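Lettered A, B and C in written order, each chain numbered from 1.
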Amino acid sequence: MGRVGTRAILPIWLQVFVGVEMTAVIVAAFLYVPPADGFASPECARIMIFHVPCAIIAVVAYIVSTVYAVLCLTRDEMASDVKSAASASLGFLFTALATVTGMIFARVEWGTAWNWDPRETSILMLVIIYAAYFALRGAIPNAANRARISAAYNILACLVMPFVMFVLPRISPGLHPSEVSLSPEYREALVGAMLGYVIIYVWMLRLAVRVREASLARRR
Amino acid sequence: MSLRGAVAVLVKDARCELRSKQAISAVLLFAVTSTIAVSFTLGMIGSDAAVASTLLWVVIYFSAMAGLGRSFAHEEETYTAGLLRLAVPAESVYVGKLAFNFLTLAAVEVVTVPLFVLLTDCRVARVGAFIGMLLLGSAALSAGATAAAAMVSRAASKGALFAGVSFPLLAPALGIAIAGTNAALASSPAGCAADMRLLVYYCGVVITASLMLFRCIWEE
Amino acid sequence: MAGVRISNLAHEFDGREVFRSIDLAYDGSCLAVTGPNGSGKSTLLRILAGLLTPTSGEARFVVDGQDAPRERLRGMIGLAAPDVRLYAELSARENLRFLLRARGCGEIDERASSALERVGLCDRGDDRVGELSSGLRQRAALAAAIAHDPVILLLDEPSSNLDESGMRMLHGMIESRRASGLVIIATNDPDEAALASERLDLGSAR
């Protein structure tokens, strides 16, 4: 495995930028964006600005984790395993946030916090995959075995996920709208939030990888 | 991959199981008591295909969780896994274990399914499609469970972990099997054929991926 | 004839070093691997058998002057070790037949009977391994290691649990196997180590 890096996790200017940018997004979400027409609670619809990017990052983090899992098995084992596990841990965090914000919105908009809507079910499946992945990692004592087996599980679970798409529509019709027309203010806030979340994800990923690498180096 | 090796593993596992009767007796007892509990509490389901198909597959699924995890864990616990790794190619081990798990599940269903139909007065509109769904669903559950069992066998705590690790892999197959069985019980030919095709694709994807990944899971 | 080539071999378990920098080129007939408890004798044999991937370095066999490819090693190596056990629910004969069938060997019944006779298990060969004493189980394990007539025989503490006749059987087996191939014995027993023409001491490889 390579040396632990010593350069800044993220360039200082980018750290400042995302701090200012996300502050602006939060302010905009409450003060700039108007109440949304067509929702049961026009004010509560503001939560979409934070919920949608969370859900997208949750899926992106999982895909990144799976890509590193493939690299773990085909190339350098341990370095890629560190990145795969780090991305998965962040994916779990964003999935939890997406679930909670989604449940708040569902309670207000559709009357109940959980409706087995296809999107809700797919995010729940992601939570379960992450939980099983970490349970498996935690139970394998040998580091090399843990890297290979958790990578194999990650890849297998990713291959099986498309079949969930065929099962979900049968359980209940979708409540999430398939087409949404947003006001220009909502669109700007959403794009701003998406940009901020992506930078935060990359920042947290690099930090998590650095911490794990330092921990492994210290153990050696 | 050596087919001869896979057959040797299957025959060996069957012989060991017939003598010890550890897995089959536990699984059969679980399946029968679950079936009796279901029919005792719900009474006659009759022509309610949705309830019947769901309950039947829940019984089969948890029976699989009770028994299929032992296929690899037993090898590690009794120190026979080394012998298997020495004599048999990894892919042949997977195919042999997969075949054994499928036959175990099928043997349990030979007893459980008629008992379920009898005790709940479940009406089967299309027997051929019903049996086809049972076989394909069992094949799908066996495919995912075998890979999961191999992964969990390297873990320190195997029992409870197997069910948790298997669920994300098997949930889509379970959903499709329930939907297809519902169609078979309620005599909906179009729906059943589509679900059968999906299960064939699922088996193809999971078995192919497992064969490619198995060496990473099995070898140290 | 067979030989072994080990270059810069090192292994560790979760950060704990087992051994490092083992180098060896051996083309003789019998090699003894010695060292104190925990020096990695069993680990080295597992690596040579292909059961374990070393952390770094390389270990390979040379058979009739050519590198033996990993795919063919399965039929060429026999291993008897304390953590590689036979199936307790099956008889010794059934275990041998399974291993021979899995390896694609011919004349399965003849080979199994011959191996059982060689280790002195003819009359107990059809009893379940789980019902055998520890000494007879060790004989059964040795039978499983030689049944497919391997070129390379790896023995980890082979004399454990053997009585006097078992020891004579073991020494005779080693002599006959070394005549046509390579025998590597991991042992703390001076008498066993004395059978070898060369010794690899892992106590100095840490």
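Here is the rule we use: a contact is a pair of C-beta atoms (placed from the backbone, for glycine too) under 8 Å apart; a residue touches a chain by one contact, two chains touch by 3 or more.
Predicted model only: the values in this text are computed from it and were never measured.
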Determine the chain that sits nearest the middle of the structure, using the mean of its CA atoms as its centre.
-> B
Pick out whichever of the two, A-C or A-B, is joined by more C-beta pairs in contact.
-> A-B
Could you tell me the distance, in whole angstrom, between the mean C-alpha positions of chain B and chain C?
-> 37
Distance between the CA centroids of chain A and chain B (whole Å) is 32
Per the centroid of Cα atoms for each chain, what is the distance between chain A and chain C, given in Å?
-> 50
For chain C, what residues touch not just one other chain but two or more?
-> 53
Touching two or more other chains - residues of chain A | 141-142, 144
Mark out which residues of chain B touch at least two other chains, giving numbers and ranges.
-> 220
Interface residues, chain C side, partner chain A - complex | 13-15, 53
Contacting residues of chain B [partner chain C, same complex] | 2, 4-5, 7-9, 11-12, 15-16, 19-20, 78-80, 82-83, 85-89, 92, 219-220
Counting only contacts in the complex, chain C reaches chain B at residues 46, 49-53, 74, 77, 79, 81, 83-90, 94, 98-99, 101-104, 128, 144
Complex contacts: residues of chain A adjacent to chain B = 73, 125, 128-129, 131-132, 135-136, 139-142, 144-145, 148-149, 151-153, 155-157, 159-161, 163-164, 166-167, 170-171
Within the complex, which stretch of chain A touches chain C?
-> 141-144, 219-220
